[in-house]
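Shared between the two complexes below is subunit A, which pairs with subunit B and subunit C, respectively.
Take a look at the complex of A and B:
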């Protein structure tokens, strides 16, 4: 083979590789995951496909959701183990952002910044996003976590080996290793309740109706109505997780 | 076929054979029923105990309080927000009493003044200033807090 053609084919190869990687990078930046588009373009199937809506404007930060979740699902009462919790974001006049979540908000919030220094303050309740492309499910080596046909991400605690890959994989920090069971644990959207037709504990207990859950396939349903009437965003769209937890009035500062 | 390949084939067959036998023996029966997971796990998740029973269950015995609560601003509140989950209480009300919160901090969880709370959403007081000597429920009726005790 002559030297010239070999050189040119190598150059061609390198060019193609550069073009492909560059193209992928650019397309991921210009076309990140869009929560609303994903909600409008649902996977094929019958029956409910659940999503969650949280209205930050309505949340009063009482933390009753976090408390009810611990009671309902036997989550250890000590801090650091949460399936659901509330954060208080405070943006100060000097541009500093303070995020607090004392015991997940269960014991209530005490305002740590005096009124005159605050530019804006708001509560952000957090929980599993029940992603439609869940990274936690992709990494599980034994198939102990999965997405049901209703779009709920569950853990099979009898099959989990407690390796903790999923805890690392979740970009929202929604998983933990249960200190007694030594298996992964997370929000199940109260699967034992929704399968009986009752709302999840956190949604039922919310005193200001700031949290709703509903069927994204039901065009007349509460959640679709919520998405139509509010400006909703998902957390970390750049992660392309296919999050189905939609926040109304979500500020860009929330991570 | 060369002899060494034949021997290798035998070894491979044995190794893969053992692998598939072990895999078959260890794989739970319901695995793969709906996807790459144990189908039974769905039923196990479904069968957990429901602990928050809802206001309808409370209404069966405490209809007087439930209807009184409807007259005030706590109308949309579930009883179990303050009193805790009621699943044991509805099974045996005598032995399983619910929490009756009475401390100022209990009310403060929702009503403590905070810059992140909008006045349109919730009535707030500064617990450090408002009638510090007394409990909230010394004056307010908790089920209808704009009515006062005598």
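Take a look at the complex of A and C:
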């Protein structure tokens, strides 16, 4: 090897090293800033992408969904922790809005407003919106709450530190710190059931088919058909959470 | 009835309007009020020390080391309320080991360590290195070896060594100022970035937190400085007190202006959360916000300090006034944190109602635990003042 080629190969080597080091440095500096873009990520893959449809016109407020959820998922049987619950909205003639959900609707509802004062009244079943841009996942300091490839937002209770930041970040009030486990808890869309091809407990129990669960990528599926045939809205669209819980006949008064 | 749920059943009776069922208990308690409070005291005390060092303000010199040691004592405790509030406190290290890059909270560990290890510890060490060497020569018994270890083997006492200590110390201070801003601005971001909560979600939050931190830190140094002089039976240095009072006045004006701006903005914009927030402010937060934060913590100190800028009563009166002001301001800023943390959880995200907060006496998140984490830093400060007495430092 003559002196010239030796010099040029050394230069080449130094260039490569410099490039690699520089590249590594730049990527390590910019990597953390990817975190800032969390709320604009797009879903990946071609597998099932689950969403939920709720037809408010069909909900009769029986509360069986809320009860089935507690039974299925070991949710404490107290009137304040719910993965799924039903709200009764009553809009009075004078515009006043009354919202009630005694024991999450499990024991049924009574109407406290006299009939003649009611402008309209309806039931709104609530549960985790399984957002595609979930603020709860964004804020979790250890990554214990995450989104599965099927678009289901879950909590790993063996990893959760119980800081409660996700509870604060959820605009829909769907999370709580489990009083026994001391970790965050929420609707899992009955992941243990859907992964075996069985519908979530709340969907299965609904006597009036007010709840639809399905794959948003399946253009022939029941959920997509429901979305096509109805004018659907999500809760708090201004939050830009990419909610995948779609309501038919959702009144603007519902928060 | 399960005793675990007794308080929640009681709270259920006191719900006004409608709240989501999971909102009955406040997820963040008084311990999370303390966390930004203590962190703010650290940042504020450090900034006061830096003002003195970088801008060479003669009158503040007696408070320089005290500010640093106070910041250090409180910083050591800053994470403790946070950790003891966790559902799984023993898993806290997961934040450091597997931080989630999109989480504002996950970065806290690193911001904290940077500040504790790099900025404060190093600055204090370079400030004391020369004294460690001298004390390791003068002292007898165990203390001789303690100071020897603290020198970390850097035993040089030449002019050149001293120059280096000063140079590096100055450099750290310069790095430390933005670090202190980062530390507390960041704490504000933890709340300000929660879009689900209209009481928190504000771009002003980090700035407000930062200035209120400076206010509280300066008030704490004023309190500690006067306390130390009182305990050591030393005469209070009036130019120093006046000077701290002057800075407290200026920063308090900025802080009050920023907080007012935030509120005026909310009132004028009057978006969909306006009704519930105005009910919150005039109802459940009336005492803690209207009386404690604004009147006691801001307006009264502003009036008195403002008056002192034009008219100076006798030393004795000013001394008492400064001491009372320091307590008022410290109380006011505590309630500011309270109003943010607790206030932000009292109304439902459904914007249809309110829950209540009952501070328990004992227990993991009770009054006693909160008091414990407030007293501990003063104990640490007392120990630091004993180990590293600023009044025995060689002037250099």
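Descriptive notes on the structure:
As a working rule, the second predicted complex is superposed on the first by the 211 of 255 C-alpha atoms of A that agree within 3 Å, B and C clash if a C-alpha of one lies under 4 Å from a C-alpha of the other, contacts with A are read in each partner's own complex, and residues count from 1 in each chain.
The rule is short, and it goes like this: a contact is a pair of C-beta atoms (placed from the backbone, for glycine too) under 8 Å apart; a residue touches a chain by one contact, two chains touch by 3 or more.
Please read these numbers as outputs of a predicted model, since none were measured by experiment.
Looking at the shared chain after the overlay, A:143 reaches both subunit B and subunit C.
By the document's definition of touching, of the two partners only subunit B reaches A:191; subunit C does not. Of the two partner chains, neither subunit B nor subunit C is touched by A:248. Residue contacts after overlaying the shared chain place A:115 against subunit B, while subunit C stays out of touching range.
When both complexes are overlaid on chain A, the residue A:168 reaches subunit C alone and has no touch with subunit B.
When the shared chain is aligned, subunit B and subunit C each come close enough to touch A:159. According to the touch criterion, the shared surface of subunit A, contacted by subunit B in one complex and subunit C in the other, consists of residues 143, 159. Subunit B meets subunit A in the complex at residues 28, 31, 34-38, 41-42, 44-52, 54, 76-78, 80-81, 84-85, 105, 108-110, 112-118, 121-122. Across the complex, subunit C is touched by residues 31-32, 34-36, 38, 78-82, 85, 87, 97-101, 104, 126, 135, 137-143, 159-165, 167-177, 179, 181-184, 239, 255 of subunit A.
Against subunit B, in their complex, subunit A makes its touches with residues 57-58, 60-64, 68, 71-73, 88-90, 107-111, 113, 115, 118, 121-123, 143-149, 154, 156-159, 188, 191-193, 195-196, 198, 201, 204-205, 207-209.
Residues 2, 4-5, 8, 12, 17-25, 27-28, 82, 85-88, 91-92, 94-95, 98-108, 190, 194-197, 345, 348-353 of subunit C touch subunit A in their complex.
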